[in-house]
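Shared between the two complexes below is chain A, which pairs with chain B and chain C, respectively.
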Partner chain A sequence: MLSTLAQQAPGELEAGLTAVGRGIVYGGAAIGPGVGIGIVVGNAITAMARQPEAAGMVRTTMFLGIAFTEALALFGFVLSFIISG
Partner chain B sequence: MRDAHDADDKDPKAAAGAPAVEKAIAFDMLRRSVWLVPFVLIAATLIWGADGASSSAVAVGLVLVNLVLSALALSWAANVSLNAIMAVALGGFAVRMGLVTLVIVLVKDEPWIDLVALGVSVLVTHLGLLFWELRYVSASLAFPGLKPGTVKEARPS
Partner chain C sequence: MIFGLEFPPVSHAIEWPDLFLSGPFAVNKVVVLMWLSVIIVFLFLRIAASDSSLIPRGVKNIAESAVDFIQEGIVMQTMGPSGMAWTPLLLTFFTFILVNNLWGIIPVAQMPVNARMALPLFMALLVWVLFVGVGIIKQGPIGYFKNIAFPPGVPKALYILVTPIEIVSTIIVRPLSHSVRLFANALAGHLILISFAVITAALFSASVTAIILPFSFGLLIALTGFELLVAFLQAYIFTILAAVYIDSSMHAEH
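Then we have the complex of A and B:
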């Protein structure tokens, strides 16, 4: 394997590893908010089903919760592009 | 199962028919962005120069379009059903991230784009607008009597 790596053109290995790093950063940053949004919306729906009269308040909190959780995804996403330069 | 039966009794459609609060919040944030955006653009220009300003403009556009799309989709889903809210929230997240990816992939190699400025501007604008809005929303939820309009309604004419 080392001999194979030694045959790589200069910078090729670095570019490959950068791409892998970007994938890991973006993938990791998308999984967390995905789970988070699922939890926020799931609980909001439970709350609305139990207490329909509070739906306006629940949806307000839900929307803000989604937006805050999404900030993490945006952060990881932008970071992945910054890593690649 | 018992909870599901209870929910059916309370008519979940009624919950879905509440006013479009997401739309109201998003357009409120859009209105507030008129004040926040010039500061972000000026700061980006001072720190990163002209490239920073153009990158910031792209970032601000991305954040605002993202928020408005999210609000419109959720408001629409809320009028359909509770299941639609779940589907639109998670599906919409994937679609909007795809759109953000597409925009950044398209502009990232342009000479007038500075990726660091773009990233910082996205975060500052997104979080800035959210925290600004949160102040008003949390105040309204904690002190409903202080909501604009409540005093007028309570006063005898």
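Then we have the complex of A and C:
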């Protein structure tokens, strides 16, 4: 293990760790918003099913809620490109 | 290299060589596409406006349904009848962003203009200037910033916690998330299409694995359709958020 590590070209380890870090950053950032968007849309569907005449208002608010929740995942997505080894 | 596939780095996917001029005023493919979308949006609305026939047909029909969508779907839902004066601005935002996003799936162009940070950031800053300006005009400079920093109805002791959060979220995070949302969605869609195009090309040249070629190619086609949906949805969300931000400055919270 150590001997194979020693044979690597300089900078290869950093590049590999950067790739792993990018994956962790985006994966971690996607967990919360994934759950959050599920909650938002699920409750919006419940509201629309209970009161179909309010569907237009609920849909607008739902998209707003999705947009605010999704922002964190997108920050993670952009951050994963900003990270460089 | 992943599973023997050579994926291009991100810089190859979104950076284009300069066509003419250089330095900060250099013109590349992205700028040309943006100019094209300005011309398309201008001609589209101009032709629709100059058509004075009573029964809408062709271009005017599309433009009228777009105006109706902005008025009924965005302005009435978020700002109410008092926000009707903002319809031209929001219609321009919507059509311009939609055309800019659609460049990503139009053959030959294949580059969403919003996948570069410049345009989303500029538009988000424009909305930021607008809603801060509207707030200062409607509520007065002191009243507006007092409403941001000290939202009424909060217990006095909580202002230690609420005031910094409100200031940061309204002044800094709003334009940031507003622009990053559009930018990241356009970039992500672009990268997904590139990934599946690369996979399909690699399978096409391989011999044995060509059996699964139809699946990846089919998914490429399906994702192109999905990008059409995303282009529409992101233009809608950018416009509706602009409407919500401007509306939040028009009335003092109470």
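The rule is simple: the second predicted complex is superposed on the first by the 84 of 85 C-alpha atoms of A that agree within 3 Å, B and C clash if a C-alpha of one lies under 4 Å from a C-alpha of the other, contacts with A are read in each partner's own complex, and residues count from 1 in each chain.
In the analysis below, a residue touches a chain if its C-beta (ideal position, glycine included) is under 8 Å from a C-beta of that chain, and two chains touch if they have at least 3 such contacts.
Not measured: the values here are computed from a predicted model.
*Asks:* Tell me which partner A:F77 touches in the superposition: chain B (first), chain C (second), both or neither.
*Replies:* In the superposed model, A:F77 contacts both chain B and chain C.
*Asks:* Of the two partner chains, chain B (first) and chain C (second), which one does A:R50 touch, if any: first, second, both, or neither?
*Replies:* In the superposition, A:R50 contacts chain B only.
*Asks:* Answer with first, second, both or neither: which of chain B and chain C does A:A30 touch in the superposed model?
*Replies:* After superposition on chain A, A:A30 lies in contact with chain B alone.
*Asks:* With both complexes overlaid on chain A, does A:L64 touch chain B (first), chain C (second), both or neither?
*Replies:* In the superposition, A:L64 touches chain B and chain C alike.
*Asks:* Touching A:G38, do we find chain B (first), chain C (second), both, or neither?
*Replies:* The first partner, chain B, only.
*Asks:* Which residues would you name on chain A as touching chain B in one complex and chain C in the other?
*Replies:* Shared contact residues on chain A: 56-57, 60, 63-64, 66-68, 70-71, 74-75, 77-78, 81.
*Asks:* Touching residues of chain A toward chain B in the complex: what are they?
*Replies:* 30, 33-34, 37-38, 40-42, 44-46, 48-53, 55-64, 66-68, 70-71, 73-75, 77-79, 81-82, 85
*Asks:* Taking the touch rule as given, give the residues of chain A at its contact with chain C in the complex, in rising order.
*Replies:* It comes out as residues 56-57, 60, 63-64, 66-68, 70-71, 74-75, 77-78, 81.
*Asks:* Mind pulling up the chain C residues that touch chain A in the complex?
*Replies:* Per the stated touch rule, the residues are 10, 73-74, 77-78, 177, 180-181, 183-185, 187-188, 233, 236-237, 240-241, 244.
*Asks:* So in the complex, the part of chain B that touches chain A is made up of which residues?
*Replies:* Chain B reaches chain A through residues 3-4, 6-7, 10-12, 14-19, 21-22, 25-26, 66-67, 70-71, 74, 78, 82, 85-86, 89-90, 93-94, 96-97, 100-101, 104, 108, 115-116, 118-119, 122-123, 126-127, 130, 133-134, 137, 141.
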